[in-house]
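Below, chain A partners chain B and then partners chain C, in two separate complexes.
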Partner chain A sequence: MLALTLQIVLNGLTTGLVYVLMALGFTLIFGIMRVVNFAHGELYMVGAFAVTVLNGRLSWPYVPALVCSVILVGLLGSLLERVLFRRVIGNEFNCMILALAVSICLQSLGLIAFGPDEIGAPRPVTGVFHVGPAVIPADRLFVGAMAMLLLVAFYVFLNKTHLGLMMRAVAQDPEVAALHGIRPKLIHTAAFAIGSLLAGAAGALMAPIYTVFPYMGELPMMKAFIVVVLGGLGSLLGAVIGGLLLGIVESGFATMLGSTAAALVAFAVVVATITVRPEGLMGRRS
Partner chain B sequence: MRFTSLIAGIIIALAGLPSAFAQDSLKIGVIGPMTGPGAQWGLAAAGGVQIAAKEVNDKGGLKVGDKTYRVEVVPYDEQYKAAVAISAMQRLVNQDGVKFVFGPVSSAGTLAVMDISKDTKTIGITGAYSSKAIDPSNPYMFRVYSVASDFAEPMVKWLKKNLPANATRVAIVNPNDETGWDSDKLLTELYKKYGYTVVAKELYERSVRDYIPILTKILAEKPDLLDVGTAPPASAGLIVRQARELGYKGDIVKIGGSGPRQIIEAAGKDAAEGVINYLPADEQNPAYQRLAADYKTMSGNEMNPLLVNWYDGAYILMAAIQAAGTVSDTDKVRQSFAKALPHKSVLGGTIRLGGKDLYGIDNAFLTTNYIGVIKNGDVVAVGTAD
Partner chain C sequence: MTSRKAVLLGLVVVAFGWPFVIENRYVTHIGVLIGISTTVSLSLNMMLRIGQLSAAQAAFMGLGAYTSTLLVMRLGLPFLIAFPAAGLLVAAIAAVIGPFFLRVKGVYFVLLTFALGEGIGLVFQEWVSLFGGNNGIHGIPKASLFGMAMLTPRSYYFFALALVVVTFLVALGVFRSALGAVLDSLNENEELSQSLGVNALSYRVCIFALSGFLAGLAGSVYAHYTGFLSPEAFGFSTFIDMLAINVVGGISSPIGPVLGAILLVPLPELLRDVKQYQMLTYGLLLMSAVLFLPSGIAGGLQRLRQRQRSP
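Right after this comes the complex of A and B.
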């Protein structure tokens, strides 16, 4: 029983860290721009395809392929903000519809470029680690470690850098921030790029673990949405707590009662949370 | 005014000319999952019918009675969802005027369109594994290939004969839907019948990609044999890989929906080594390789072995239409399947019409089935499962 519990917790933590990565970008974009970015899952998909093409088809070494894929998705995000979202920022409903349209377009482009088949990405890390009686695949451990590294880097960026300070200022009050010489539009582009970059990183890291296909972003997008509602829309700490909590709860229920029960429980936890605390676990009451 | 009328008359006459000389078309619908999990099976259905239609059209078309028809294929994506299959069927029947439909491929989709097929007398040739897909209450629904209820028992017998005698503990994994429930029930009964102990059974949602939690539970029961049932090939590949990562050393078998190439792609060559598969076709057959090349040219993708069954099925339908001498009277066409079958498969085997003993009506195409083992990233046929 101890071995099973340890295995459940380890499975949950590695899965939860990826949820955190997805949710961080999603909640950052919402926190600063009030955009519910339904195209976040497709940015995950672009990251996965990018690393598959660079590492798998063009035979680049894995690390440069990973870094380039992440940067590529960040650039795509900034382009999307600059060309499309900037025109509708301030109108949450229009932003939501635009995000859905971008999501469908990116999926269709993926379908045209790569077809509907699920393809496998090369696996840079193989083997398993034994943690006491439990087993953890090395590639998942690698993804977990990278996710933690990105989390710390993101925390330092937001709290210790000038750009991070400006982002927080725009998130709190764009008008007052502008009075202090901060250009909110520039911050919006940077926030969208960083949010997209995090989704791209999640996709690029997960590509070798799962299969890669144009609709692969739908499930992680749904998980990111659950996590931010659970943690509090716009709350970064909430995204971390929500992601890890969801990962462990899902892992526990999926192991004991099956994947259908796990999906039900995930939604039940969200419903219960917003019934008791509509602002989420760490969100601020408006 | 007179000049305008003259010009208008000429335009109308010219517009009418092409239709007067054009070949009539025979529309054949295809409903299958073209995207998402199981897309390989839907694309195989569409691909097989399209290749057969192209071959017939290249030879001048399909001669039915005094007329020659150009065969036109109209494919729709069912996304492995019953509701989407219903709207695809309604669109085919009501908007496209289709009388013959290949699919739906999914069991849930097929059961959902049964009433439409029966009420509109539309001939459906399904790929559903569910035993309920063939039913005397709907004589218009046929099945294009043998399914688990036909080949599972020979495969379990083969396992009993070829795997170590002390490998008796079996775990079964299936998708949580009509296809998976049917497979779960059938496999459980068969394994018990042949002296195995079913130590774990799990159903998962098709959207799931992380099988580690359910495998953790399954592997705690220490099975000797893991059957991934009707899991779509890419999902089966991930199950295989994740089971190996968790330290599972026993045999893995897939008695259901074929796709060994996709299993290798998703699992990786090493993890997929030794996986035992049901195969609808022998990949070494020259005709198989010719079809695979045609499909690659047409779609740019690798061919799923099930395409062979849909290709043969398209020729069987066209033969039945010719035997009936009509493209509109589906009662005559459905009765003519008994004349169109037995049919010689492109791979050389014989396809027969049967099913009365199992389903109460002879509406199942009985095809030849093979057992394949993955060796060094390739699939080797090691026997037949008939």
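Right after this comes the complex of A and C.
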């Protein structure tokens, strides 16, 4: 029983950390720009394809491929903001539709470039670790460790750098931030780029573990959405807590009842959260 | 005003008349699809008119489709009973959840209805004994009206067209009536209208139920026309199709979704062999509508007319 519990928690933590990466980007973009980024899953997909192409087809070493893919998705994000989202910012409805359109376009471009089949990315890390009575695959551990590293880097960025401070200021109150000379457009681009970068990182990290295909972003997008609603739209701490919580609870439910029951419970929790406490666990009441 | 009426009348005449000129099963088939999509899009349009984007509309259509199918196949009820029952069941569900859901606004309402839609889709997939799971339900009997079986696409076309006309008139009527004035006032300034004793929530619940009713009816027609149901037909991508129809056509009047459906529904058929380009076209159309034509085709036409009138 103890071994099973430990296994469930470990599985949950490793998936949960990836959820956190997805949810953090999603919630950052919403918190700063009020954009519900329905294309977030497709940024994850682009990250996964990038690493597959660089590492697999062009046979770059894994780490440079990973870093390049993540930066690439970050650049794509800043481009999307500059060219598209900037024009409709402030209109939540149009932002949402634009995000849906971007999502469809990226998916179809993925289909055009790579076809509908699921392809495998090379697996750079193999083997298992034993943690007491539980077993943890080394590749999962690697993903977990990299995700942790990114989270710490993100935390340091937000709290110790000037840009991070400006970002938090805009999230708290855009008008007062503007009064203090913070240019919102710069912050928007930065937020969209960083949010996309985090999604791309999640995709690039998960590519060797799962298969890569154009629709692969739909599930992680759904998870990010559940996490963010649970934690509170726009709340970064909520995204971290919500992500880990969803990872562990889901892992428990999936082990005990099967994954469908887990998904249904997750949707029920979302509906209950929004109707009873829309600001989520950690969000501020507006 | 009169010129608009003339255009509408012309549209109706063409819609009812062309099957007698062009006797082509395939074209008629697309006509049926346009009719069904228009009805669901109009139901989504009603929600948009009260300022709420309901992402559950495709799932509502699915609920209607499965209800009608199960009533006919399991209980042996005639289509004439199953058809309205499908609409009523969805309306009842919307009326029950409406008071809770419609307290929530904006983005949160979208996310809420999105979760509801996904949850309903999951139930369709996993409750295999009732809904047939991912294999779906095959061999759904054709609809029959007063003992006459509807076997040809053409009969479904006229049925769907009648449904569109009724839905259109209802949508027009609701928003032109005193009820529409109240709903507009809620969009303008909710606090002010509430201070006049308007119970905002109950008006919104009425519209939610009505939109569910219409989506349910469209689902019923879809089920008996195609003869086959599977959960994926009522998923998120169908919702996006309906949203695209509204956005491209224009959301501020019921004519928008009609134009949007006529334009967008045949598109996948034209690009049938190249699904990826079909998706890309949809995405790009949606994108350009938001960026360059925010009030849709209907809004663009209206502006054009105003410009002509006052040069």
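General remarks:
Please note the rule applied: the second predicted complex is superposed on the first by the 282 of 286 C-alpha atoms of A that agree within 3 Å, B and C clash if a C-alpha of one lies under 4 Å from a C-alpha of the other, contacts with A are read in each partner's own complex, and residues count from 1 in each chain.
Here is the rule we use: a residue touches a chain if its C-beta (ideal position, glycine included) is under 8 Å from a C-beta of that chain, and two chains touch if they have at least 3 such contacts.
All values derive from a computational prediction rather than experimental measurement.
Aligning the shared chain A places chain B and chain C in steric conflict. Once the two complexes are overlaid on the shared chain, A:N55 sits clear of chain B and of chain C alike. Contacts of A:F225 after superposition on the shared chain: chain C is touched, whereas chain B is not. Judged by the touch definition given at the top, the superposed model places A:S235 against neither chain B nor chain C.
When the two structures are aligned on the shared chain, A:L100 is found in touch with chain C, with no touch to chain B. By the touch criterion defined above, A:T15 lies against chain B but remains apart from chain C after alignment on the C-alpha atoms of chain A. In the superposed pair of complexes, A:T260 makes contact with chain B and with chain C alike. By the touch criterion defined above, A:L111 reaches both chain B and chain C. After overlaying the two complexes on the shared chain, residue contacts for A:V271 are found with chain C alone; chain B is out of touch.
The superposed model puts chain C in the path of chain B at one of 20-28, 56-64, 110-118 or 272-280, which is 110-118. Residues common to the contacts of chain A with chain B and with chain C across the two structures: 111, 260, 263. Listed in rising order, the residues of chain C touching chain A in the complex are 53, 100-101, 103-104, 106-108, 110-112, 114-116, 118-119, 122-123, 125-126, 240, 243, 247, 275-280, 282-284, 286-287, 290-291, 294. Within the complex formed with chain B, the residues of chain A that make contact are 4, 7-8, 11, 15, 111, 115-120, 123, 128, 135, 137, 140, 210-211, 213-216, 218-219, 250-251, 254-256, 258-260, 262-263. The part of chain B that touches chain A in the complex is made up of residues 34-37, 39-40, 43, 176, 202-205, 207-210, 212-214, 216-217, 220, 234, 237-238, 242, 245-247, 262, 265-268, 299-302. Across the interface of their complex, chain C is touched by residues 30, 34, 36, 84, 87-88, 92-94, 96-98, 100-105, 107-109, 111-112, 222, 225-226, 229, 233, 260, 263-264, 267-268, 270-271, 274-275, 278 of chain A.
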